[in-house]
Amino acid sequence: MEKFRIGIIGATGYAGVELVRLLLLHPLAEISALGSVSFEGKKISEVYPNLLEICDLPCLTNEEVIAQSDVVFAAVPHGMSQELAAQCIQNKCVFIDLGADFRLSDEEDYKQWYGGEFKFKGLHDAAVYGIPELFRGEILGKVLLANPGCYPTSIALALSPALMGGFIEPSGIIIDSKSGVTGAGRGLTQTSHYVDVNENFGAYKVAQHRHTPEIEETLSRMAGEKITVTFVPHLLPINRGILSTCYVKLKEGFTKEHLRAAYAHVYKDEPFVRILPDGLCAAVRNVKYSNICDISIHVDERTNTAVFCSAIDNMIKGAAGQAVQNMNIMLSIPETTGLELIPPAF
Amino acid sequence: MEKFRIGIIGATGYAGVELVRLLLLHPLAEISALGSVSFEGKKISEVYPNLLEICDLPCLTNEEVIAQSDVVFAAVPHGMSQELAAQCIQNKCVFIDLGADFRLSDEEDYKQWYGGEFKFKGLHDAAVYGIPELFRGEILGKVLLANPGCYPTSIALALSPALMGGFIEPSGIIIDSKSGVTGAGRGLTQTSHYVDVNENFGAYKVAQHRHTPEIEETLSRMAGEKITVTFVPHLLPINRGILSTCYVKLKEGFTKEHLRAAYAHVYKDEPFVRILPDGLCAAVRNVKYSNICDISIHVDERTNTAVFCSAIDNMIKGAAGQAVQNMNIMLSIPETTGLELIPPAF
Amino acid sequence: MEKFRIGIIGATGYAGVELVRLLLLHPLAEISALGSVSFEGKKISEVYPNLLEICDLPCLTNEEVIAQSDVVFAAVPHGMSQELAAQCIQNKCVFIDLGADFRLSDEEDYKQWYGGEFKFKGLHDAAVYGIPELFRGEILGKVLLANPGCYPTSIALALSPALMGGFIEPSGIIIDSKSGVTGAGRGLTQTSHYVDVNENFGAYKVAQHRHTPEIEETLSRMAGEKITVTFVPHLLPINRGILSTCYVKLKEGFTKEHLRAAYAHVYKDEPFVRILPDGLCAAVRNVKYSNICDISIHVDERTNTAVFCSAIDNMIKGAAGQAVQNMNIMLSIPETTGLELIPPAF
Amino acid sequence: MEKFRIGIIGATGYAGVELVRLLLLHPLAEISALGSVSFEGKKISEVYPNLLEICDLPCLTNEEVIAQSDVVFAAVPHGMSQELAAQCIQNKCVFIDLGADFRLSDEEDYKQWYGGEFKFKGLHDAAVYGIPELFRGEILGKVLLANPGCYPTSIALALSPALMGGFIEPSGIIIDSKSGVTGAGRGLTQTSHYVDVNENFGAYKVAQHRHTPEIEETLSRMAGEKITVTFVPHLLPINRGILSTCYVKLKEGFTKEHLRAAYAHVYKDEPFVRILPDGLCAAVRNVKYSNICDISIHVDERTNTAVFCSAIDNMIKGAAGQAVQNMNIMLSIPETTGLELIPPAF
């Protein structure tokens, strides 16, 4: 079988370089070209010396990347993907966007939270939102995909079975998420200076994070009604990983056993979701460096509150890994190809 | 002025050794004796070489400590303080308990959550629960004090003004707390092994932590009605610090401005509480190594949810520092004596 | 091709569980049995929940492991491997020891540094010391192998070409090594408590570490004369990785260019050694989660001192990865099989 | 006693803000003005919210600071202090420079390593190099002081008694130092990005660090002959602290006991130097947040090498604390005033 030629735009960002690593290990993919505006002309291994002698490809322009690829991944700041998508589609190139431009179906939401507009409405109609465990059927055969945000992935997987089954109240959902620093990207900011992060912990953008409408759109689809959530992200002093602790009101008559049964059913054949047995809490450690999402289910019977903890590696299931999973589905490759990563014990 | 002779029982635990450090710097206190069951006969500086040539006192028996002290602090596992308290009171010694034995006023709660009973009911009646900002008037002149738990301190300070003012619904309170590892103590357990904690993050004892009844008792006192909360603690890969993110429903008609005014009023003369200006979120970094509690107030208008973030140093305001603050009040010493610790920038 | 049946004794230690992970990904190996004295009867995934649904094998006795395997790895405390080796050899099982029992050829050294003796002298004669880059020819076809220590691996690779080429003085070698905490093992000790390690750094066992004779034996072999070194290990607040900084006197007439040429020659076909270009220093980050050793070469012309920095992942090239590399050679499998791990950027 | 009016130029850098913290606690000092080019017009507590309500002074121009102060500390990049010193001296202001401009007595060294020149030679003649334990007599009464670099402080204290006593060979000294990230400053660089530092470790500027001539000048003064060293710094994933491991050849006839006696003698009345008992190694943990330097003495009898480990808090004894110590001496205040900081256990 001939390998698919893969181009990565924004290859020197954190999601980009993680894509490079995953695709180098993918048996049916061949990285054909890397694009980087900041490092054009440099080798990727000059920017990331971990790749020395493993991938010494030069960074090219976006146009060069598109011209040389069957599939293009873009990991660029929001607002920059729409033009790239248009070029790719015109070039008969599959386009997978790791940014936010195609994630929201409602242009009003996009305007309000990102301050931009939909430049090519047809593309937005053609785009599919790629959480395979929830929308696998829609992804197959598509050529334009919006890869979900890291927080939304962890939350959608944690809450969807409960919403689908009608076990929980649709209002009053509280989501307290915590993310490692790679989520903030490679750019230099005071808030990602080592001394600011280390031995520190705090919330940021309380109830104002741009992932909020994306979270709500997915949860609303799963619930079949409009869901509004309170979402508070925090910054963890670790490199990788997200833990989302989700608090919801259990509807009368339902117990943890109902929830466990529903989750077991919904995820029973999913290669990348584990429902943890009673007594275990989802933790970042057990999923990092893998494409796995761990979910633990708890019920506080004193207050009738269900608590779902979900853990993912924000750069894999929350970015590059899920993007490859989506690519596999789009290209009709077995879904786990290149993603059989075992989370190390440490 | 003659200095008070201070004894510390359980001096080689984390709270104990932090008490040693604070009291060495206290101008009106003199450490008269240290007690440690595990290290009896050893110098404290053999256990903690940071204290070499600064405090080389030997570890004595509890009886010796009590005999040589005007004030005794005990930082020992729950269940062990009641006898100590009885001995101290008999010896006319002020007793400050950093453990849980005297925190709960309801023996049923103590039985249910700690599995023990009240051995000396008179002592329990005489004991005062010591959050100075809320109960200062009751602390003055007392000789037996229960120093609050670390999580309860952070939460009581965060929510009390809102409950006292009637701004928030008393039901449906969600508290998502995160603590550094010193909270788990010096004992050797797999969960405090460096490799287990580092680059990891997760919840533990979801809705089952023993601090729950203590939190509820204080919040109920402040609200004037029975409060039940959902409390989920998490373990942070840092040494010190607690951040509690508290989610409550704002009652109709109230806004962030009402909350800000109430908090400013309640805490306006408090030396150890800071209400942060809009735009800042409470963070562990800004309070560690100090006795300060930072509180930030946020309102999610989309869901009418108020979010309070509070940050403390779990070993100071959450343990040893608050204990010294309480001692100062009990002894009619100026309350900030020995506690003018400036949180370092890093 | 039928897969080799692999048994792992000491599977619940850090080196053991890393072997599990690597061998699960090895296309020609099948884990047949896991052994653990501490956790006999439990599933490995109960001890390490990262392996849940990935490897749920139970922990068996050592005898059961040996009976079910073609190749046995042992990652047990020193003194325990000699009996295991004897049983394996008797059972026609290949034996790869990750401990120290077979590393030293001189029994006197073993007695002096480890306090034991050679129980089966014939086994010691049959054993080969497995640093493939230096002793590949001797490894092929052997059935009993001593996998090197983590520090010795990093040091032998850093200094061997210089010693083989006669570029440096054989006396006065100073080795300052720094290791992550996994090197100290999973056992509970005060020195691996999170709070003791985090935000700390110091040396330990200065000039007294048991790896010293192993380092000296290999360097002596490479130099063709007796080498004695000063070796000082330090504990780093990280999970994985070793950096060794080696200081040697450059012989008159030699320059950095001579060294670079020699290192390029010796390692030119090595898949797991990278000689870094000028301007880069070997760093743990660039090799962790891989079997690669990075070496940077520096010369201080003011003092005529050559400085070699070498970085490895202590659990992979310093333990489990090198053990698999050795297994591949012993079994005439392509050497890189199962080890094509790309170090992630973070 | 009237308090000295203290100005701090460069107050928003790491050394500057640490000076702010220490001087706020100094009973004989009053911070009169803060200077910052980057944040002029902002309050220091806007840049460092840990100082909120504790120090809300605005950042002024350098000229304003000098005009309002009896003593000026400058913590600015090298090359910028000479003009400031001239202004201060003219204004009869004591000047303490935390930068490198006045540390080297030989202008050639300054040119070679820093690329600048001595603008006011008279000032350089008047300046004193301030390691109190070695040069106390020269500091008293001076008005212009060069506060030493962090690495040089840790190294000079570790090696001076051995050199003064003639116990060690003056050639072949190897110094392997490791520093926390605050040493690199608050500025945004890729090498201080959290993700680059965390779980990483490596050397930098091998044998090329600008502290080298400063180290050599001090060691040469102590030895009474020209000393050249090999100095290799490394970056530690911690906020604070330096550990220097120094390797020297012991002269024939001398033993560890000679060294211990000499060190005990030289430092016997020093409030900020501790010579550790046998069995302990100097470690960052035991000195951080204090002005203490811990030194442990080791001898490798197999190679006749003495190893000195010294640990300091790079921001206190290595910067702000030593600067205050020097100020105290210059102003004839008791030397430990404001510096009785007890290193916390964690």
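In order of appearance the chains are A, B, C and D, and numbering begins at 1 in each one.
In this section, a contact is a pair of C-beta atoms (placed from the backbone, for glycine too) under 8 Å apart; a residue touches a chain by one contact, two chains touch by 3 or more.
The structure presented is a predicted model; accordingly, all values stated were derived computationally and were not measured.
Engineer: Where are there more C-beta contacts: B-C or C-D?
Structural biologist: So, comparing the two chain pairs, more contacts are at C-D.
Engineer: Measuring centre to centre with CA averages, how many angstrom lie between chain B and chain D?
Structural biologist: Inter-chain centre distance comes to 36 Å.
Engineer: Could you grab the centroid distance between chain B and chain C? Build each centroid from C-alpha atoms only and quote it in angstrom.
Structural biologist: Centres of chain B and chain C (C-alpha means) sit 46 Å apart.
Engineer: What whole-Å value do you get for the distance between chain C and chain D if each is reduced to the mean of its CA atoms?
Structural biologist: 39
Engineer: Residues of chain C touching 2+ other chains?
Structural biologist: Answer for chain C, listing residues that touch two or more other chains: 14, 182, 195-196, 198-199, 237-240, 283, 285, 346.
Engineer: If each chain is a node and each touching pair an edge, is that a line, ring, star, complete or other?
Structural biologist: complete
Engineer: Contact residues on chain A for chain B in the complex?
Structural biologist: Its residues touching chain B are 171-172, 174, 176, 178, 195-196, 199-204, 206-207, 228-230, 232, 234, 236-241, 243, 245, 247, 249, 281-285, 288, 296, 298-300, 302-303, 305, 307, 309, 311, 346.
Engineer: For a test of understanding, state which residues of chain C touch chain B in their complex under the given definition.
Structural biologist: Residue list for chain C touching chain B: 14, 181-182, 186, 188-190, 192-199, 237-239.
Engineer: Taking the touch rule as given, give the residues of chain C at its contact with chain A in the complex, in rising order.
Structural biologist: 14, 17-18, 21, 24-25, 48-54, 182, 199, 239-240, 274, 276, 280, 283, 285-287, 289, 315, 340, 342-346
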